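After this come two complexes, each holding chain A, first together with chain B and then together with chain C.
On to the complex of A and B.
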């Protein structure tokens, strides 16, 4: 499988997926005009990787903002990763939050409790 | 931070149990489909809860950031007072209201005397301290209904709604005296500060620019007459 590289734009995040290392990273800000258009290829790519390879996948989230429809697709991705984890694949999540923002950390911690797969909430340096 | 499950998830489970009891034999395909449907529905409820919670978090951040930026764009960072931009919009609103409800509005334009000399002699650090000290005196000296702003490098503008020129002059004189009686201490040296002030009352049918120009003319008069004094157009 080839790498996936989607460049960041004003309203869409960057997406980087390296099949060699199994690292998927999504970061920046996400408020696309059409979330379905933006995220469908990413989800298809993830599904293909999960069905083809037997290797691990680590999902690194460094988004600082996502609109509601982006949130839906991000939860979609987490659901698929959880399913793969249930079937025995090696999956891990690293979700970076603003260390000074207690509310953001609480919200993501709450999300983490819904999932069985390894899910770490980490803090990022804020400029 | 809130319950993990939506109460409707519990309802779905109890309905499912009720309906399942209606099935005489649980080996059939229909029952299997039913169980699958219930699972999907529960999952949907869970995703819905997750999406709304996560999204709310980010929206709140956005609102907080907006509020902060709005506040910061209206403030002079050094003194914490309203800045020129904020005062202009405030003054504009005040003049509209005063025209509609027919009450007087006056302004006081204040300039620190020989401020350049203070900066040149003691440095900008001390100059900043003088500005901060003056801002404090002005904020304490005006009435609750008045507002003060940093208008320029060494200028301040005060807006006095419901105030005639004569009364605005009294406020200005009080401030002038407070400043003249105070000083800024630098390395055991006392630096005396005085201000000049120009007072103007809004004339009906005239613009905000006219009002500010009148106050500026009055301020100029105060400087010409020797500084450390209050002058008005009248």
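On to the complex of A and C.
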């Protein structure tokens, strides 16, 4: 499989997926004009990796903002990863938040509640 | 042609604490540019970081609602330009920021708006969280409209949401929503 690399823009996050290491990274701000168009290729890529490879997948999230429709797609991604985890796949999530921003931590903690797979909420370095 | 009365326009802005306003067609690039302006403006207003985020978030949800509604393909809004434009302001009132916006809606959408917004006005924090999570878990529908956005606004607001729907004529009304953060 080839690497997936999507450049960051004002309203869309960067996405990097290295099939060699199984590391998927997403970061930046996410409020695309069309969330479906933005996230569909990422989801397809994840599905392809999960079906073609047997390696682990670690998902690293450093988003500083996501709107509600992006949140829906992020949940969709997490659901797919949780399903893979249920089937025995090695999956881990690290979600980095601004430690000074309690609300941001709460929002992510709230997402984490719904998942059983390894899911760590960490503090990111803030400039 | 009569000259523009910027003096009174400015007076209106200042007397109501309006920091940023936009009236016109909401394109995605307008939303991006305004979004940057909102963040910079609040930084220079010495707003705390988490507050800037909340205001920015409510701004994005409202601006994207405006854009999605006024540019929908199936829209039967009148052809004139003003029906496809939106009005959005960000104001400051003592310790609160207010994000408010308005646009023309079809009368047939009034009931749906009320059904979505009325429960949010009376719900407490826990109820809002439940509604949010439930809606987040519903299957993705590309044209689902403003449901999740409204709940998210209500969760970020420090006071209940306020909205109004004013009838223009037999087909159209003017809808406004106001969120105090």
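A few comments on the model shown:
Simple rule for what comes next: the second predicted complex is superposed on the first by the 127 of 127 C-alpha atoms of A that agree within 3 Å, B and C clash if a C-alpha of one lies under 4 Å from a C-alpha of the other, contacts with A are read in each partner's own complex, and residues count from 1 in each chain.
What we mean here is this: contacts are C-beta pairs under 8 Å (C-beta built on N, C-alpha and C of every residue); 3 or more make two chains touch, one makes a residue touch a chain.
Remember, it's a predicted structure, so these values are computed and weren't measured experimentally.
Overlay on chain A: chain B and chain C clash in the combined arrangement. Of the two partner chains placed by the overlay, chain B and chain C both lie in contact with A:72. When the two structures are aligned on the shared chain, A:25 is found in touch with neither chain B nor chain C. By the touch criterion stated above, A:82 is placed in contact with neither chain B nor chain C.
Touch criterion met: A:100 reaches chain C, while chain B stays clear of it.
After overlaying the two complexes on the shared chain, residue contacts for A:36 are found with chain C alone; chain B is out of touch.
Of the two partner chains placed by the overlay, only chain C lies in contact with A:11; chain B stays clear of it.
Comparing the listed stretches 21-29, 75-83 or 129-137 of chain C against chain B after superposition, the clashing one is 129-137. Counting contacts by the rule stated earlier, residues 65, 67-68, 71-72, 75-76, 101, 103-104, 110, 114 of chain A appear in both its interface with chain B and its interface with chain C.
The touching residues of chain A, when paired with chain B in their complex, are 65-68, 71-72, 74-76, 79, 101, 103-104, 106-108, 110-111, 113-114. The touching residues of chain C, counted against chain A in their complex, run 28, 31-32, 35-36, 49-50, 53-54, 56-57, 60-61, 64, 129, 133, 136-137, 140, 142, 148-149, 152. The touching residues of chain B, counted against chain A in their complex, run 1-2, 4, 43, 46-47, 50-51, 53-62.
Residues of chain A touching chain C in their complex: 10-11, 31, 33, 36, 65, 67-69, 71-73, 75-76, 98, 100-104, 110, 114.
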